[in-house]
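In structure tokens below, several structures.
Shared chain: chain A. Partners: chain B in the first complex, chain C in the second.
So, the complex of A and B:
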């Protein structure tokens, strides 16, 4: 697999340096004091009294998370190696750098590695650095059953919604517990499902994580190149959208409209996994829009593009987040990051 | 089991009475040998990096070999430096754990890091004997279980670590020396790792695959077996 890179070992560092060069409002902090691999932060100091949002995770999902650092969203992001969670020293250094004294919310996608490393970082921040920390766990992927038999649902597309909506609330001066609670509410209201047409190839590897015949698709994939729940014959955009929405709308939090218990208003996202053209994402969104209107679900905001990716995987994820007026107003609030920018 | 000539029950007393070298026993782990063990782990991780990565590609995300290699390279840089002079085996192993936590990432960084840290914290004398190591290994296993919340049969490193600790414990209790105990632990860990193949993963990233995780050996259990094999080989070449 061909890639634009210098060496596989410098893949993440070179990419972050480019991000900082392209976006002067961001600063990349590296070195021993930054936990080694470091973190990306807003160039401006955190306003006194503002709760800071810190997220992070393995690299390879760009623009998540560093592309969401900026006014209205994250204060800092900690990138790990490709598909590998960052280490506690990075989160601790980031928390110390952006805490204004009002505390820090860790936004953590539900993967064993991320959970363990952020847990250790939270302990260090609270016990050694005296920083108040709340953790919001994102677990929206319905392809994985949330049971004692798995590591629980994965965190995917809803991460963007948690970071946007909780970030807007933090910008308004809400307290630590309130910001975290909003993050949890958004997560509890959002569900996702993904379908892939190809595997993806990490910089250090010469071949994709899985190989698919030309006429097959991987149903229920995650965002780390791991195989999904099952393989199926390639279907039309309409059938793929229906498959994903069936899985999402089976969730109680989104079933209100279908069950006749009142209107369901959602933010709908069709997200590319890295190598799928925007035109195909719009073909899928057209089907989403058509299907949802037929099921009593009202799309009040939409997002179509590459936001939570899996390197060069071809495929798409679907996320619906059920919103109330407060969440919607926070979604519409100004945001100025490399990847999301509106209302300015 | 590959015990020494005088091995088996009742040999401990014989060994104690014999002049050094009379019975080929190793009854304590000193700092130099512990360093040699960690160096052997680093070499083995590098030699088997691609194998670990292939196992991880089947049911995970194809980075276990690279992550451990990065971690043990960092460990070698820290404990191999001229300025580093631990006073106890415990200090050395605690340092190994802290370095893994701060360099590996993923789940294996906190899990292996916490295991080494717990083992190290349990060893407070300059050298450690079999009973002390047995207690320390149990502390390491407890740390992994507490952090990862995995039980035996979940298709994780616990499936290699649990039988390894038990075998070490049993051998020491029966009077075996550290060579015998570590060989028994390495064999048990290897058997435990192989026995993960037919299991369905219930923890970690492999659990997302459900039944599709069946038929693949767990990479974490495999690297755990590698760490115990390195201990056994180090002690077999010791003295």
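So, the complex of A and C:
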């Protein structure tokens, strides 16, 4: 293991301290005020009447989630240890810290630990703290049904689209149920698929979670290295993009043109899993762009870079989110977070 | 070699096509109009009277330089093949394409091939095309004097600070000499140092350019894997940050407090070399922040992420740029490029 760290035990805490040092608009709350763990919040108090968005999950996927805290997106994020769910006390403390009285939306990726812990936090928030809570479950990964830590589909790249679009709506003063419903609509409109070239190594480990031969790739890998659909021989960028898009476009929500429900406009993301150079992500995006234009899908916005990662895994994920005018206008709204920023 | 690509020969062209597909405000010009190679420019014509900034260099350092083309920063970038200087014809074509009559500033990293080719392009621009040209040479890397491809110090992370600050000044209508002088001032105020944990592999190669044992790091590495000051045993994040800052703060321009010339305010960047997770970069930034506050250096702005990379090298570079009020205000000015965006 070759990593920049002090000790494996302080990996997450040191990284969060660095995030806060680099971004004065964010604060890291730790200790007793954070349910025994820590969370990241906007330094400014939530505006009265604004619905708060709180997300979280295991660390190791940076910038997700703490890098999406800020104006126009999340109010707080609860990072667990690496690849480990945060705990209910942490989530409850975050909800209490950022609730303005208008309620809290929990954005939860579909992993069993996250789902159970956010559910318990929601019950505590409602029953003990009197906070109204809605939960949006993200399950966009079409690669497999049921996986190492998931019943149903896994949650991955669509998370940031849910957080951006629902976050913009919350910023405008929409009510709790409306914000949550928009989050669910974004999730229902988005599908993802990932391909890994290597495994990844956690800070506490000396070797990768899985090994791939030099000429193979994992097709449909999960963000913790969970198995995908199959191992396959390493293919060209064009073939990789094609197999990912074939899987995604098989979903009815993304079927357009003659066979479907009319023109399909999407936000397209090609996301690096950690160790893949940006130049390769653009090579993949070029293929995505070419393939989609041949299938009647119009890319109206795009993201290319590292947004939902798996530590030092080499690989890429593909996410398409079908948008209507309202979703697109919310996507374009100003945002100021460490990882997504425009208009501010 | 495991990479997402079609063929090694089409690596740069495919990646640039993807960049243009993802960012409609940019255009890739190829073929005869690009001096036989290609360059990336803003899609919009240069505003009359605005000085144009053109940079370039070998590919493999993405987002540098093409990812910094856009309002508030570069007008055009000339990418060479991977780790290979662009050619004079390319630079001349870019200058001709974006010159509005107010002249062009070439921002050139100090590598011998780049320096010679930009010098030839400047001569051609002035003598054959009647374009006024000023050149800003970037040589911020304090690790070594003279290296594999460099006489003097290498150019690295300060490049984006030169491009951002001089770019903002050009956007406001400053004259050619004034913009260039600001670029030189930023370069003179900035110092960098890098540490590698692994080598990197070019698309045409089957193995890394250099190999490091599992317990060693290259201290002072160059962005093409050029040797640094020494090999050392892998150290903690705190020790790595300390040795980098020791090298940088030994420079008179960054000496402050009692021994120096007054309070020192800096833009601090912790930059990933390609394969290092963002969480580790924040761990390093946390140490940078702590160490600098103990030495009387005030971090007024920061950047943490992958900005000047070396393909899939694991490692990080550190850049400090001392700023005055004018430079800071220009840093904060709106910018809209693929890799740096705020206020727009």
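Keep in mind that, in the parts below, the second predicted complex is superposed on the first by the 336 of 344 C-alpha atoms of A that agree within 3 Å, B and C clash if a C-alpha of one lies under 4 Å from a C-alpha of the other, contacts with A are read in each partner's own complex, and residues count from 1 in each chain.
Everything below uses one rule, namely that a contact is a pair of C-beta atoms (placed from the backbone, for glycine too) under 8 Å apart; a residue touches a chain by one contact, two chains touch by 3 or more.
Remember, it's a predicted structure, so these values are computed and weren't measured experimentally.
Q: Output check: A:211 vs chain B and chain C. Expected answer is one of first, second, both, neither. What do you get?
A: A:211 sits against neither chain B nor chain C.
Q: After superposition on the shared chain, which partner residues are touched by A:312: those of chain B (first), chain C (second), both, or neither?
A: In the superposed model, A:312 contacts chain C only, not chain B.
Q: Scan A:84 for contacts with chain B and chain C and give back first, second, both or neither.
A: It touches chain B, and chain C stays clear.
Q: After lining up the shared chain so the two structures overlap, which partner does A:32 touch, if you call chain B first and chain C second: first, second, both or neither?
A: neither
Q: If we overlay the two complexes on their shared chain A, which of chain B and chain C does A:154 touch? Say first, second, both or neither.
A: A:154 contacts chain B only, not chain C.
Q: Let me test your reading of the model: by the given contact rule, A:286 touches which partner, first (chain B), second (chain C), both or neither?
A: It touches chain C, and chain B stays clear.
Q: Using the touch definition from the top, say if A:144 reaches chain B (first), chain C (second), both or neither.
A: Touch partner of A:144: chain B, not chain C.
Q: With both complexes overlaid on chain A, does A:229 touch chain B (first), chain C (second), both or neither?
A: So A:229 only meets chain B here.
Q: Mind listing the chain C positions that touch chain A in their complex?
A: Listed in rising order, the residues are 2-7, 11-12, 14-19, 21-23, 59-60, 62-63, 67, 197-198, 212, 214, 217, 234, 236-238, 240, 274-287, 289-290, 299, 302-304, 306, 309, 311-312, 314, 316, 336, 338, 341-344.
Q: What residues of chain A sit close enough to touch chain B in their complex?
A: Residues 35-36, 58, 80-89, 111-113, 116-117, 119-120, 143-144, 148-151, 154, 202, 204-205, 209, 222, 224-227, 229 of chain A touch chain B in their complex.
Q: In the complex, go through chain B and note every residue touching chain A.
A: Touch residues, chain B against chain A: 53, 57, 59-63, 66-67, 70, 101-111, 147-148, 202-205, 207-210, 212.
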